[in-house]
Structure formats: structure tokens, C-alpha cells
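Next, two complexes with chain A in common: one pairs it with chain B, the other with chain C.
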Partner chain A sequence: MAVRSFTLKAPTPMPGWGLSFGIMLTMISVVVLIPMAVLLWRGFVDFGAAAMWDVVNRNRVWNALALSFRAAFVASLFNLAFGVLLAWVLVRYRFPGKRIVDAAVDLPFALPTAVAGIALTAIYAPNGVFGSVITQTFGIRVAYTELGIWIALIFVGLPFVVRTVQPVIEEIDHETEEVSATLGASRLRTLTHVVLPMLAPAALTGFALALARSVGEYGSVIFIAGNLPNVTEIAPLLIVIRLEEFDYDGAVAIAIAMLAISFALLLAINLIQIWSRRRMGAV
Partner chain B sequence: MSLYQTLAARLKRLTLVPAPVYAEQPSRRLRFWPMMATGALAIGVTLAPAPQAQAQGLTLLNVSYDPTRELYREYNAWFADWWEAQGNPRPTIQTSHGGSGAQARAVIDGLAAHVVTLALAGDIDAIATRTDLIAEDWQSRLPQNASPYTSTIVFLVREGNPQNIQDWDDLVRDGVEVITPNPKTSGGARWNYLAAWAYAEANGLDPQEFVGQIYRNVPVLDTAARGSTTTFVQRGLGDVLLAWENEAYLALAELGEDQFDIVVPSVSVLAEPPVALVPGNVTDDNLHALATAYLEQLYSPEAQAMALRHYYRAWDTSAADPEDVARFPEVNRLTIQHFGGWAEAQPLHFGDGGIFDQIYQE
Partner chain C sequence: MTNAMIIPARRRRLRSATSEPTLVKWLLIGLCLAVLTVLLFAPLIAVFDEALRRGWAFALASLSEPDAQAAIRLTVLVAAITVPLNATFGIAAAWAITKFDWRGKAWVITMIDLPFSVSPVVAGLLFVLMFGANSALGVWLVANGFPVVFAVPGIVLATLFITFPFVARELIPMMLEQGRAEEEAALTLGASGWRVFMTVTLPNIRWALLYGVLLCNARAMGEFGAVAVVSGKIRGQTTTMPLMIEMFYNEYLSVAAFTMAGVLALLAFVTLTLKSALEWRYADQLAATHRH
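For the complex of A and B:
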């Protein structure tokens, strides 16, 4: 996209530009920009950067932040692989119940996260259907450990990669793969050198969305995590704890720390995306 | 491919209309009025007052905490009848339930509660100190420290008490798993903690060491009392649940008395869930009379019987079912004054960097 000058000139002859731009600007300000600005204002101006650093720079907070981002990363990585596979199956194969599976992918969006958390905990608790088997077989607990957090985050992040990759797979011409085969590439080589590179940008977008979603996830994780300080305490819980103490400043400080790390991560992913798009030419 | 492009690609296929191509034309000045009109409209819609459905009776909002749900459902219906019988138009009474701290925060942030009925005096204190809605001396305005019903902390153990848990010192034994919520987020958990603290003090133990040992036996810290009950009862985790007495009896009633036993420790606490009028939100005289009566009638024999039926301890047993009264065993119950009041206990034990934080710092 070309960069335009910052004058308020209508850049297109399409009718309705002023109206739609007005609606867009109002909504994005009311819903996103102003609340974010207030958050940053409260943190940096009312509370101060040094005071915020004091709140954040503690073992317990670092442990919680590390746990939140680690678990989100692991879960999104899993969703990246599993989501691409799922999308591939949904587009390329025909099987009975395909529409049901396709619809089920969106369920994590529709379900209240607290319900998801309670359901997952019930299944993976030491006396649950899966939990009891896993505990007996492998001697590990799933619910109330970091493993439980991964599972909750895999659940909430599942739709993102599938829904971003699916339309791209639909658009890949079979001819591309056939050409690859006629040129002597093996199936595996076709997959790794032809198909996956085409999916990479969309898959990365899905990965980034899933990551962003999982980092801040509270509702479902809180039921399955165990919430022990330094062990299974996620960063959003620390924010809630601060709020319970009527410590709005402390909550804002941790929120801004999460925001900063998320921003850095998403920026890095975007850079990787730009790089992969360049490498692929224009996809 | 960005998400936008992906979505655009999907949309394009959905509509099956080729995207129009527009030639670049010299730009023209933006018409500002549609933008402004849209903005004004959007703001107008957001700020427009909701239509008031106040045909005749008044509407009272009671902001309460979680475990009182069943109690206030019954009380609200009874009170509406009573108020009508006094020759007034029938009022509409709404109750909002949630974690006590979160509810207090909602009132501080502007939820227009007419009365608050919360778990801890400290939560109402927070409203009084952070806003002008409630006077600082609110707790002296109603009888019994403004607490129409009280409760205490007991142990819920599995049927037959296989770990033989009798008192607080059994909780620090190796291999005993204790289920209690996080005192940072749960009002009930603060009472659990303080009761253990009092036991250690009374028995010549180092309280911080003793309470720390209990928390080392806690495998899961839920955020609220109900969550802990679920963890213990439904998930089968832990040997003993430190619970509100009313929650413990509720668990017995809901799940059968053959699954759990209640153990009463030698020392416990007198938990006073207090009630208060929020004068700052009650500007109308009629509403003021209604809200005042709503709180005062909580002390009436009928309401007290209701509280007893819902496993709260109440003061006036004259109208109660004798069975509801006889249920409660004698306990040595310490009040919050023993710990210096919430104003002192809250920051010392549960504040940022307080003793509870130190326990988990080690």
C-alpha cells in the first residue's frame, strides 16, 4: 500500500467516503484508541514509569509473565501445526460429518470461556475421564499444572490458524502441485517446498492472532491452572489480584508490561511475515 | 498474506462480483458534515438515557456477594409483600451478585447501588474511604455491627474423615492436602487465614510459620470460595476444605450427607457479612425510606429465620425452625477486632508485600 500524505483529502472517488470514514474513526476511537490512551496515560503520567517498574520488577510478576507468554507460545505453536493440518483436511478431503467438523472449529469462539475452563477441568482433573487415565498411565497431573494451562489455551486459540489458512488452501490450484510432480519432486518435497511456503504467511497471521488471544486469556485458564504463586499463576490473575486490592495503579503497570511484550512479539511476527512474503515473491 | 487480505479473498468468493477498479482521480475536499453527523449520532446513541420503566413502585438495587444468592431471592419476595402490606406501592428489588471485592469496586466505579450487602466490612470500608457515597461510621448505624447474619469457618472432610483431621494443627501434617481459595481475591479465604493465625497464637506457635506450612499443603488456590468448593467436592482434590459454614452445609445438602463430614476446629472466627445503605445513591426520600426498611427488616424474626434456613447464624431465633437453630455447634469465634479490625489486618496480612505475599516469596 502506498503511503499517502496526511492531508484530509478524499483519496478515492468512491461515494460515501466521508460517512464511512467518520463511522470508522468514531468507533475505533471509542472502542480501542481512547481506552488504550487512558491506560497508558494512567500508567506513565499518573503513576510514573519508575513506580511501574517497581511493581513489575519482582520475581512473582516475572514468573507470571514468563508463564503467560510461554504457555501462549506453546499453545499457539501447537495450534499452528494442528490448525494447518485441520484446514488441509477440511478443504482437500471429503468425508461424512465434514460440515459438523467445520462448524465445530468455531465453537471455542461461541462458548463462554469460563464454561470451557470448567468443562476442560472436569475432564482433565485427577478424577476426570482423561485426567484419571493420564495420571495412572504417565503419573502426571494435567489440570492444576502448566499442562492444564496449555490445554485451555490450545482450546481458545484453535479457530485462528484454521480460519486464516483455509481460504488460502482453497485457492491453491491443483496444477501447482501437478507441475511440481511432473518436474520430479517427491510428495514430501512438494509439500515442504511448494505448498507450505504458500501457506506460511496466512499461517503466521493465524499464529499471531492465536498468540495474542491466549496471552490475555483469563476466564478459562483460571479454572484449570491451580493459581499457585510462581508456579501456575498467570499474569492476568496478578492484574485481577491488584484490582481486588483496589490497587488500580499496580494493575495498570502489569497491564502495560503485558501490552509492551505483546507488541514486541507481534512486531517480530510481522517482520517475519514481511520477510517470508519477500522471499516468496508476491503471494 | 495479512488477515485482511485473507478475509477479503473469502468475501470476494462469497459475493462472486469482480472487484471494481477505479482510476485515480484528482482528490477532492472531504465533506466534513457526514463525518461529524455520524460521530454525533454514535455518541448520542451511547449516551441516551435508557427508558425508565418506573410506572408506580420504586426500584431498589442491592449489590451483594456470591453465596447470598438463594437467601436474597427469598428475602426480596418476602420484603416486597411486606412493603406492599404497609400500604406502599409494590417495589421492584434487584440484586447483583459477584465476588465481594469486585462488587465493592463496581460501586466505587459508579454502579448505582442503593444498599450493599457484602462479605467483609473491609469492602464497605473501601467504598466509604474512596467515595463520598457512604459515611465512615456506617457500621454503627444498624444493630450487631450492621451484620444481620453471621457465619464461621469450618472444615469439610471426606466421609469418615480418613486423615483424622480434628483441628488446625492437623493441616500442617505431611501428606494432608488443604483446599482454600486465594486470600488476595476471596473474602472467605481471608477468614480461613486469620482463623489459622489465631490458632497458632493461642497455642504458642509462630503464626507466620504455621500459616506458611498450611499454604505449603495447598495444591490449588482458587480465586473464590465457590471455586474451592467445586475443586474439593466435584474434582475430588484435597483432604480438607476450609469453608464458610453456610457453604459446607450447602454442600452437604446438595450432595448428600454420606459423602462429607463437617469438622469444627477449636478456634474459628466470627465472620460478619455486613449491610449498609448507600446514601450517596439514594437521593429520593421515598427510596430512602424503602432502602432503610429493606435493611431494617433483615433483623425481623421472619428474615432471621430465612437466614438460618440458608445456613447462616442469625440473632433472633423466635420465628425459626428449631432444627435450623440446633444445627450449629458451639465454636470459640474471634471477631475481626481480635486482629485489630480490617483497617489494620488487611494491609498487614493481605496487602501488597504483606505477610501472605511473604509466605509465597520464600
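For the complex of A and C:
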């Protein structure tokens, strides 16, 4: 046992170790590992942490970062609530066209972001189908404001929560809800105190995936955002602008800042998830 | 006699205890459909509405322009290189991870998932840094007639990064569930390694593989941010379909932009249809999260 724990790979007659491990390691190195290492090297070694901080610590960059994370958070919160509701409706209720709706939920995965971007802009622009109605009734503009960014990010992150929560709802025993009902809980109380806690870990996973996706989203946002510096300029766009100015150091600094904040957020969500799993027992 | 009287009554009470009132049900269904209409269906309709604003002939004519044709060819080429590479990687990674016990698996899986939490723009930036004009490697490659950035290899690398987890993520849970017993049985019966893979493993994973390839292809053909950063957007040379949409759009060539968008929307349509068909038909042979 002691010897075995020091070996990297347990012995097995299964063939293909060298080939499969070789292909895997080569591809991971070339596509992910080395490029990420180059980015970090450029940032921390060539450019330096202090110099990066100087680049990031400017109003325009802070505003872009704040906007990206704020909008992603708002959109993912909406998707969290709506995703749980939609998953519930798709699993528990029967209605005409349900299969089509179920398939359509994945549209944001399949539709290229640039297509989504120009399509959303077309309908939410001041002269668009919905945009004109909203402007006339509420006096607010959707496209070319932060609201437009929210809409684009809600679109992009829509499937994540639905698809993580759906299988969990399918596996809930009706008996659990029956027990709750026989103990005198109202339907609403059963849903909020029995069903929702069971969905929480999966819903959080979906929330984290949607958040990670929408923080970095570029294609669908830039068309609808208006891209006004300090107001509707998202962090990925600022990276593109820095690159177009051949300011590689600036681009690297903002990219590393984005990665750092993203990973801190995902770590926090992971911790919440571990906590909620522990609270729920072994769900 | 008594049974027949009790059962219907009990059933009615059970149903009401584990479901919502009918009115609430229909309100919730209505709410969901309304939100989906505003967010999903309306944009999809808008694409075709805008594309056909000046008729079919006009829309189709915009597709036959040389730049548009070049963009379509480039997108197909990039997908044709990226998707097989990605599938090969996915199969190799899933084989190494699920058929062997070794240390550091969790780290490798994290590395495979990493591209999901990296912005497409940052993905593009990675390859600009590695192969761009300001890196020694990039300068050397350009001097030797093999430019990566602002050329097809850069677009392929960026697309590969973005689609990296698709096939592997599909196969790993699937093959973990299936275990190793079938392969081990084939081995003891004297089959060669390659034969075990072709006749035992591949038939078991083919639908999951197709599922991953389908999603990988949709993303590869539609990727915008990462490709925008590395391509340099040279018309007719390094402009993919999504980039062409942006160019047309910024030049106020609305019909041309939305027609090209319509072609990609049709691709999304085909992808979703095939994907749903796989989910209904071969549910037991896909990773558990896709079973309905």
C-alpha cells in the first residue's frame, strides 16, 4: 500500500495509456496551459504587479470592471429565479408546445453571440418593436443603456440554471411533498421550505456557470451596449480597445484583473455551495 | 366494493397535495412563455424579418458577394479543423481519465474546464501574446512564412480554446458510468487495444460523442469574441461569418448582416433539432444531465 501510494499510476492491463495521456497532455499544454502561463508571465514578471495595479486603478477601468460584474450579477440573479421557475414548469406541468419550449431553452447555446447581439438590438432599439413601446410607456431606453447589457446577458445565461435544476426536480420524490402536506404545511410552505432547499445546490451551480459566462461575454453585448466609456463600456471591450492601441500591457493587466475577480467569485460560490450541501446532508 | 369507493377519493386528495392550484399553474406557464417570447423567440423572428425586409432575392444576393462567400468558406474550414481536433482530444482525455487510476486527475479536469470561465476576449488575447508581433516566437514565425495571429492558425487556436471542454465534458461522466468491465472482458478474450476501442468503447459512446461534436461545431462556427481579437479582420481572408456580420452591421448593410445572421440562426436551428432528437431517442446513452 505504501509503495502504491507513491506511484503516479496504478498498474492495469488496459491499453492506450501512453497514446491517450500523450494526446491529452499535449493539447492541454498547447491550448490552455502554456497560453495561460504566458499571460501570467507577461503580467507579473515582465510588467510587474505594481505597474498592473497602476493600469487597473483608473476610473475608466474600474467603471468597466464594475459594470461587467454588476451587470453579470444582475442578469444571473434574474436567471437564477426565472431558471428555477422555468425548470419547475417544464418538469411538473403539461401544456401544448412543451417539447418545443424545452428544446428552445438551449437556443442561447446554439445561436452565435453576434447574431443574438444584432437581433436583440433590432428589437430593443428606440425604433424597434419592443424598444419603441417601452420608451413610449415608461420613458426609458433599453438599447444603448445598461438595461440593454442586462438583457443581452440574461439571454446568454438563460439555459444554465434551467439545465442544472431540471434533473434534480425530476428526481424529487412526491412522497417528500406528501409528508410535508400531511404534516399540515400549505403548498406554498412546502415549496419554499421543502422543495427549494433541495434545489439550492444545483441552482447555485447554474448561477455560477451563468455568472462566469456573462462576466466575460462580448459578442452579444457590444451591439446593444452603446459602448460609451465609463457608462456602457464593458471590461472585455476595454481589453479589445487596448489591443487595438497596441497597448499590450494594459490589455494584460485588465485581463488578469478580470480573471482574479472571476476566480474569487467562483471560489465564494463554491464555498456557499459546500455550506448548503452540508446543511442539507448528502443531497 | 369498499376499495372502489376509497381509491378515487384518496387519489384526488393526493393530487392536490403535491401540485399547485390550476389557476396558479396556468399563470406560471403564461409567465414563462411570455418571458421566453420576449427574450428568445422575438430575437429569432427579428433576424429573419430584418433579413427579408427587401425580399428573398435581395437577401440571397448579399450572400453571393465575394466577401460573404469567403467568410462562409473560412468558417467551414475553421470548424473542419477545430472539431476533429477537439473530438480527438475529448476521446483521448476521457480514455486517460476514466480507464486509468492516476494522481492529479482533479487538476487535469479543472484545466479542461478552465476555458469556460475565461472571457472569449481574454482567450484571443492569450494567442496574440504568444504569437503576436511583440513576441519573439511570433516574429520568428512571420519571418519564416507561417503567421499565426491575423491568419487562419490563430483563429483555429482561439476556437480550439473556446470549444476545448465540449467533447471531453460530454464523454467523461458517460464513460465513468459505464466503467471498465466491458473493455476488460474484450481484453481477456484477446482483442487488441485498438479493436477494444473500435468495437467495444466507440459503440457505447457514439451518441454522447455526436452530442458533444454537435455543440462544439455550433460554438466553433459562431465564436465571435476570441476570433475577433486574433483575426485582424482582413476582408476576404481572415473574416469569419460572425465577424462578417459585425462588418456588414457597422457599414449599415442591414440586410446583408441579418441574412448572414439568418444562415447562422438556421445552423443553430439544425443543431437544436438534432440535439433534441438525440435527447429523446438515445437518452440512456447520454450523460445523465441531458436525459429528459
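We take it that the second predicted complex is superposed on the first by the 254 of 283 C-alpha atoms of A that agree within 3 Å, B and C clash if a C-alpha of one lies under 4 Å from a C-alpha of the other, contacts with A are read in each partner's own complex, and residues count from 1 in each chain.
Simple rule for what comes next: a contact is a pair of C-beta atoms (placed from the backbone, for glycine too) under 8 Å apart; a residue touches a chain by one contact, two chains touch by 3 or more.
Remember, predicted model here, so these are calculated numbers, not experimental data.
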Chain A: partner with more touched residues, chain B or chain C: C
Check whether A:I274 is in contact with chain B, with chain C, with both or with neither, and answer first, second, both or neither. neither
Between chain B (first) and chain C (second), which does A:L19 come into contact with in this model arrangement: first, second, both, or neither? both
Between chain B (first) and chain C (second), which, if any, makes contact with A:V215: first, second, both or neither? second
Does chain B (first) or chain C (second) touch A:A49, or do both, or does neither? neither
In the superposed arrangement, which partner chain does A:A143 touch: chain B (first), chain C (second), both, or neither? first
After lining up the shared chain so the two structures overlap, which partner does A:A264 touch, if you call chain B first and chain C second: first, second, both or neither? neither
State whether A:R60 touches chain B only (first), chain C only (second), both chains, or neither. first
Is A:A116 touching anything from chain B or chain C once the two structures are fitted on A? First, second, both or neither. second
Could you say whether A:P229 touches chain B, chain C, both of them, or neither, answering first, second, both or neither? first
What is the shared patch of chain A, the residues that chain B and chain C both contact? 8-10, 12-14, 17, 19, 21-23, 27, 118, 122, 128, 164, 167, 170, 209, 223, 237, 240, 243, 246
Residues of chain A touching chain C in their complex? 8-10, 12-17, 19-24, 27-28, 31-36, 38-39, 42, 82, 85-86, 88-89, 92-93, 95, 99, 101-116, 118-120, 122-123, 128-130, 151, 154-155, 158, 163-164, 166-167, 170, 174, 177-178, 181-182, 187, 209, 212-213, 215-219, 223, 235-237, 239-240, 243, 246, 248, 251-252, 255, 258-259, 262-263, 266
Show which residues of chain C lie in contact with chain A when the two form their complex. 14, 17-21, 25, 28-29, 31-33, 35-36, 38-44, 46-47, 50, 85, 88-89, 91-93, 95-97, 99-104, 108, 111-112, 114-122, 125-130, 132, 134, 157, 160-161, 164, 180, 183-184, 187, 192-193, 196-197, 215, 218-219, 221-225, 228-229, 241-243, 245-246, 249, 257-258, 261, 264-265, 267-269, 271-273, 275-276, 288-289, 291-292
Contact footprint of chain A on chain B as seen in their complex: 1-3, 6, 9-10, 13, 22, 25, 27-39, 42-43, 46, 99, 101-102, 105, 108, 126, 130, 182, 184-185, 218-223, 227, 230, 234-237, 350-352, 357, 360-361
Per the contact definition, I'd like the list of chain A residues that touch chain B in the complex. 8-14, 17-19, 21-23, 25-27, 30, 59-60, 118, 121-122, 125-128, 143-144, 164, 167-168, 170-171, 201-202, 205, 209, 222-223, 226-230, 237, 240-247, 250, 273, 277, 283
